[in-house]
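Chain lettering (A, B and C) follows the sequence in which the chains are written, and residue indices restart at 1 in each chain.
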């Protein structure tokens, strides 16, 4: 087992940290959180520094990077305190790179490399959250056109993005996972309306309801094969779970460091509260959890790079990371006491934002379902 | 203890005269002023208490004190002073480097303490971003030393002590550099080094607009604005010459108020000569509080206006 | 045309550890290119896109002789790297460093422009670049805020107190640049991967033409952590109005308002 980084990984992380220090200060992040704005300026800076070309093939102007490198970057952005600061958009781009037409690849990559949001992922519906099969948005062919009808919810970035990647269902097909199709459509088409939802976390990403009312699109907006949309989507889910876990790792590390510094300096009863064993117990458990998350995340990334099938590893990693990560944030908040609840303390934002990771990108319960079912099957 | 060899003070600005004399007297009782500048500067120096004042000449517009390096080096090799002292200005740093190279020594820069032990020069200066102090004993025959601003008290003797002026103008070969344009661009810092009250803004000031709040405090205190390096370099919210710290200005005001300043050593070293330091920061764990006399933990948007009101109430 | 950039590989001063006796240690410090020298690398790289080759020069003990140092420097734009590696450069002062670097520049040959940052992150004496220029016998300037090449000369802006001079200097010349001169780019993966393929040569002090200065011009007597703050460290608590009133009271007591 070799946990050391290559020179290249270390240098890239150094560069990334330099960029974060320059373009993504805590006051900037706090301002995004307060004003509910996306990190537009930071994304531009990322793109200018070439970080938006990482992780896809050279033939499309990219610079190949292994999964571990991408995961380390996602961790670092999160460690700075930024929620979902790196990796999310790249994963979306990969969906298109794998299955999209040349035209679609060009469009999406150009947006991504310019530091803009490539598209908004429109999957979840009011009646179809964890249960994708409950989806009712349809795409009907008529007169050489495709008509989309239905509604989506909890859609991030819908107002910002030029395009939406919309998943639809052929309701007549009895096999839901062979009845879904993916469409890359402009979000300014007639018939599309977007309603923002108010929420208490991830303020740098908007959540929306998106309504498709007889939206007419060209058949060329189909991504990949018709009725193969679900399988296409699943292709990148595993890596997405690892990237989410990496993000949690970074923010948990930030929460831990804030709490440890506070414990070492905050005096009560004439001594730093870190001298009390109840606080030391918390800090120790936090440190152990942090190392566990790190090991799961790095091992998953290593498995991807080694070409080993992840099977349930990605789900186990996300499940443990988001739960243990939130426990770390919660203990950190407890160590801060009242100070931690104020908007001035970064821990208040980390606590809110980390809670959402247990829901977004697949709930804890769905991770358990995936892992548990496989265990029983393996031993059956 | 001082040595019997003379020490030189190289003077090219009126503001440095007393301080250079004060610093040089730490090394020798015999201090010779080498003046580069107009007649009135020589007269000022000669009446300040130097053993001897030599006038090296008044440089032409295109020549600076740095261009006297060759001439001073030649003179130094002939007379072997203990050391040549100068203030830490841009031109003098260049002069020090050129002089040191010609005398095959290493310049000792920004020294905050000077003395002689067993007839050798011993200096102390800060390093590692202000985190440490190093004491060094000079091994070469002649020291080339720039002194830290604010570290030495001026030696004042009053104007009634005129010393001899020796005209010692030396040949200066103009460098192969032509001056195409000289434009006056006063530092935005203005008289910051002399200000009695300075209010410094740090990264905790969330946006450029928020600087207005801090400026109101500076006005209410009758002080001047300064900042940490990130605000001047990178964010460009304030002038490059307004930042305090290792690579910026060092000041010694009566009162320094740090607003949204985390308190990194690199910044604090520029203000540690202040008589009283006040910190306002929303992070209670910020190191600035350990470096301050008085502190308020809180959001500057609330604390600073409250402070401005309280100041108005007493004035 | 050849531009050389002098870079110092130094420990991060924020990683300095202080022992209970005031001793200091960089044992666990991360090392990197002095941040001021990154500006010089950026200036050189942007000038060289028009005119020619950039050679970075780094001098130090064997601690600098790693693939990490090479790739780190080369990822910031230079075409090749010259390293002067010699353990006699331990705790080198400006004289030793300048002597070694000037020797390296002489050996590289036909250098037209030497650039360095304002000072080094660790010592910040602001001396080495100047002394290199003087040792080479070239016109030398510090506080240079912009550099443009104009054929056989270069045009620079230099700030001296309240004036900014625009100067024309015949090449060769040595310049120490300020942070105004350029905003250093952060290297991306492409630059980092390319850095591994660029050439590096390693010389010792004995490989340099004229005998290099191998001893310090001064003896280090002690290096100790700055003593702890003697500030009062009084915190005013309560509402902003209450805390402000208490602070104003304290400042009145100190005769400051």
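We adopt the following convention: a residue touches a chain if its C-beta (ideal position, glycine included) is under 8 Å from a C-beta of that chain, and two chains touch if they have at least 3 such contacts.
These numbers come from a predicted model, not from an experiment.
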>> Is the chain-to-chain touch network here best called a line, a ring, a star, complete, or other?
In response: complete
> Which chain's C-alpha centroid is most distant from that of subunit B?
Replying inline: A
> Closest chain to the protein CA centroid?
Replying inline: C
> For this structure, which two chains have more C-beta pairs in contact than any other pair?
Replying inline: B-C
>> As a quick test, compute the distance in whole Å between the mean CA positions of subunit A and subunit C.
In response: 39
> So how far apart, in whole Å, are subunit B and subunit C when each is placed at the average of its C-alpha atoms?
Replying inline: 20
> How many angstrom lie between the CA centroids of subunit A and subunit B, rounded to a whole number?
Replying inline: 51
> Taking each residue of subunit A in turn, which ones touch at least two of the other chains?
Replying inline: 22
>> Which positions in subunit B are in touch with at least two other chains?
In response: 298-299
> Taking the complex as given, what residues does subunit B use to touch subunit A?
Replying inline: 203-207, 230, 234, 282-285, 298-299
> Inside the complex, what are the residues of subunit A that reach subunit C?
Replying inline: 7-8, 10-12, 14-16, 18-19, 22, 49-51, 53-54, 63, 65, 69
> Of all residues in subunit A, which touch subunit B in the complex?
Replying inline: 22, 25-27, 30-31, 261-262, 265-266, 339, 344-345
> Given the complex with subunit B, which residues does subunit C contribute to the contact?
Replying inline: 13-14, 16, 18, 24, 36, 93-96, 98, 118-119, 121-127, 129-131, 134-135, 139-143, 155, 159-170, 178-180, 213, 215-226, 229, 231-237, 240-241, 243-245, 247-248, 250-252, 254, 256-257
>> Can you tell me which positions in subunit C touch subunit A when the two form their complex?
In response: 32, 67-68, 71-72, 75, 185-193, 195-196
